[in-house]
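As written, the chains take the letters A, B, C and D, and residue 1 is the first residue of each chain.
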Amino acid sequence: MSTGFDKRLIVAWLALSAITITQLGVGSLQDGLRPNAAITSGAIVIALIKVRIIFREFMEVRHAPVLLCRLTDLWVVVAGVSLLGCYFVGMAFSSGFSLR
Amino acid sequence: MRRTDGELILLWMLPALAIIWLAVFLLFPGFVQPMSPTMSAEEVAAFYRDPENLPRIRYSMIVFNWFSVGLIPLLALIVMQIRRMAHRTPIFSYSIIACAAGGPTIFLLANLFWLLAAFRPERDPELTLLLNDLAWVTFASQVGFLIAQSVILALAIYLDRQARPVFEPWVAHFNLLVAAAMVPASFVGLAMEGPIAWDGLLTFWVRNIAVGLWIAVMGVVLGQAIYRQRDAEGVAA
Amino acid sequence: MSASATGALPEEPPGSLLHRIAWHWRYDPKRELWIAWWTMLVFYQLFGLLFFVVTRTQPPPQPWWEPTRVAQWFDDHHYGLLIGFAFVFIISGMTALMNALIAYSMRRMSVSRAFAYSYLVIYALSTLPGMLLLGIALTVGAMRPDRDPELIRWIYDFAFMTFDGTMGVFLVGSLVWMVAILLDENRVLPKWFAYLSLCNALTEVVVAPAWIFKSGVFAWNGAISYWLNVGVFVTYTTVFLTLLRRMILREDFGTGPLPDLSTDEAPEPSGSVRAAG
Amino acid sequence: MTKVANAQPRPRFVPGQPDMWAFVLFEALVFTGYFIVYIIRRTQSPDLFLQSQAHLDLRVGVFNTLVLLASSWSVARCVQAARERSFRAALTNAFLTMLFGFLFLVSKVLEWATEIEEGFGFTTNEFFSFYYFLTAIHFLHLLIGFVVLAIGIYQLWSPARRSQEMIETCATYWHTIDFLWVLIFALLYVMR
């Protein structure tokens, strides 16, 4: 039983670290200094996936009552929607203003 | 030595403090005939520069700086009496402690503004006027804790339901009256002349006489209560 | 105090509000606590009304204004400031009863009295930078509109920076309350409220940049230094008002763990007996 | 539900005091507030933010994240070990967590020192204000985390204490430091 749990933790940790290391690749992208909606959305979504893994595996929300699962998932969704929403709405407004 | 002996020493400090406070009041040239808010910046600056006034301002305010917090032992003695009342909780004694911690700080602040105004009277008159305003408004308008301590004490007395209450009910009525007398002072900013200006009848005379009267009356009833407590303890022992 | 007084309580009569208040004044064993709690409720309502409506000093005006604009602001708000702050000064002493109630919550816990006393003195001190200095400064500013605008702006800065930029008293006060709740074994207040106090303390830290920035989200009226902080503070205040009310309902004047609230939220007459167990 | 969980039915429970989750969720909301403000301000002057962001070293950010993920992993292992009453392993993992936390602390201070040396301070521009603000408020959570971790270690130390509930509560706090950093990392270092 012990090793079973331990394995799950290792897998979670390796997955999280691997995702993080792939984000190094963004740094080597030579796209100049321009806003990039794809990278931004990717960064936010990946971060939230990582957060959810931390919730479920490390913080053991997996085994917690359904209410806590729902609440944490709700927060992940709210954070995702509001961060992405603010980014896209904000960008639309700022480019709209710069066009005029 | 009984506990009340120490309390009596604290209480008997009060007449000495009262004399000091009265002396400060008479020595400070801006009190006996209170400075008017209608004075211009030049007049205020001249008041502080006047070689007749300057030493009196400084020495009176230095003494006030020493003893303005002298009210705290009186409040502490009131706390000790509230603890003897027939209450279920220490809410009222805690409240008076909170008033004791908050109130005198404000008088100290007014005192500091006066001392600062007198420190360099040769500065720009506008600045002296500002310090003078800060001192007077702080001194006059800050009645919140004085009102609170009177009202809380009145509540405590009303709810002290025992055969021989610590204070007579009239002390509570008196405290409410004192609290009411202080209310107009907080409107000091609204008028430069008249009864609620900082040199006015309500703000200056009524309020300060109320404070003086409160200290005197509370001193006397506290004394009675402590001596009675001491006698009771003597009998018990 | 004798617990027997709670035993034979006459039922609360259904009459008018005044009758009910008179009944509580005469018979309710918890009247002291209720006086403090209602003072707290009324104070926060008045505080909101006076600061947001009468004086219109909340949300705060812009920190980047030029002196003449600041003088203009004082002109526009002349009577609101002078009358509003007069009422603020009158009610400021109500904080003493409120802090006494919170200190009492700590006294009811199984912790040292030192916690109650620390909180009491810290919050007694907090009224000065927390609202009185603001009131004094703005009263002085509004009194003489013909003052040099540079001096008026000094008054303005003095007022708003002492008000918005004072953090330590609330920070340390919240932490004292938090530690007391976490150590308590009498279940006076729930542990989650202690962790919420930590959140409140952490948002006090966030105000600090207001001393550095004159505009933007970290300024004294910025989205982070002001609005988020106010949002957290209002939540925190609402929560502790509710929890203190429940504490008074559960109060049994014993020294052991506080009993649970029965479902109809009525205090149990036998509460004082249960405390002995 | 996953198959594994079905195979081993366990009673559902919140690790540690459920109360700590009030902190986690409330603090998550407060940080969402900070992030929203940051993103809105960022979209209003994207060039300034991008140019300033280029002065940050993504590798440092990745390193920070890896260190904190490792600390989260070790504190999770600490909880598992304590649950199985193997306290020696639990203590080792708790100290390991402390070590990772300390590594993060040092690397953060070094990063700040580098930025300041290059002339990028708190008031340099809006990006750096946010950068220092978000990293500093997170740093404060980390410092509190050391106190929390110390409480956990104190619990593990003596057989007389060892409250599983306390240890799990401390772990929940520590994970909060981790997941908040994951978001800060994405927003400060990665997003464009």
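Please note the rule applied: a residue touches a chain if its C-beta (ideal position, glycine included) is under 8 Å from a C-beta of that chain, and two chains touch if they have at least 3 such contacts.
The structure presented is a predicted model; accordingly, all values stated were derived computationally and were not measured.
With centres defined by CA atoms alone, the chain at the far end from subunit B is A. Among the pairs C-D and B-C, the greater number of C-beta contacts is found at B-C.
Taking the mean of all protein Cα atoms as the centre, the chain whose own Cα mean lies nearest is C.
The distance from the centre of subunit C to the centre of subunit D, with each centre set as the mean of the Cα atoms, comes to 32 Å.
The distance from the centre of subunit A to the centre of subunit B, each centre being the mean of the chain's C-alpha atoms, comes to 61 Å.
Our note on geometry: subunit B versus subunit C, Cα centroid distance of 25 Å, whole angstroms.
If you average the CA atoms of subunit A and of subunit C, the two centres end up 38 Å from each other. Shared interface positions of subunit D, i.e. residues touching 2 or more other chains, are given as 18, 21. Chain contacts in this assembly form an open path, with each chain touching only its neighbours along a single line. Taken together, the chains touch in the following pairs: A-D, B-C, C-D.
Of all the residues in subunit B, the ones that touch subunit C in their complex are 37, 86-92, 94-102, 105-106, 109, 126-127, 129-130, 133-134, 137-138, 141-149, 151-152, 155, 159, 183, 186-190, 192.
Remark: subunit C residues 190-196, 198-199, 202-203, 205-206, 209, 212-213, 216-218, 223-224, 228, 231-232 touch subunit D in the complex. Across the complex, subunit D meets subunit C through its residues 17-23, 26-27, 30, 33-34, 37, 41, 122-123, 126, 129, 133, 137, 140-141, 144.
Within the complex formed with subunit A, the residues of subunit D that make contact are 4-5, 10, 12-15, 18, 21, 24-25, 28-29, 32, 35-36, 39-40, 42-47, 50-51, 54, 58-59, 62, 65-66, 69-70, 72-73, 75-77, 79-80, 84, 171-172, 175, 178-179, 182-183, 185-187, 190-192. Subunit A contributes residues 1-2, 5-6, 8-10, 12-13, 16-17, 20-21, 23-24, 26-27, 33-36, 39-40, 43-44, 46-48, 50-51, 54-55, 57-60, 62-66, 68, 71-72, 75, 78-79, 82-83, 86-87, 89-91, 93-94 to its touches with subunit D in the complex.
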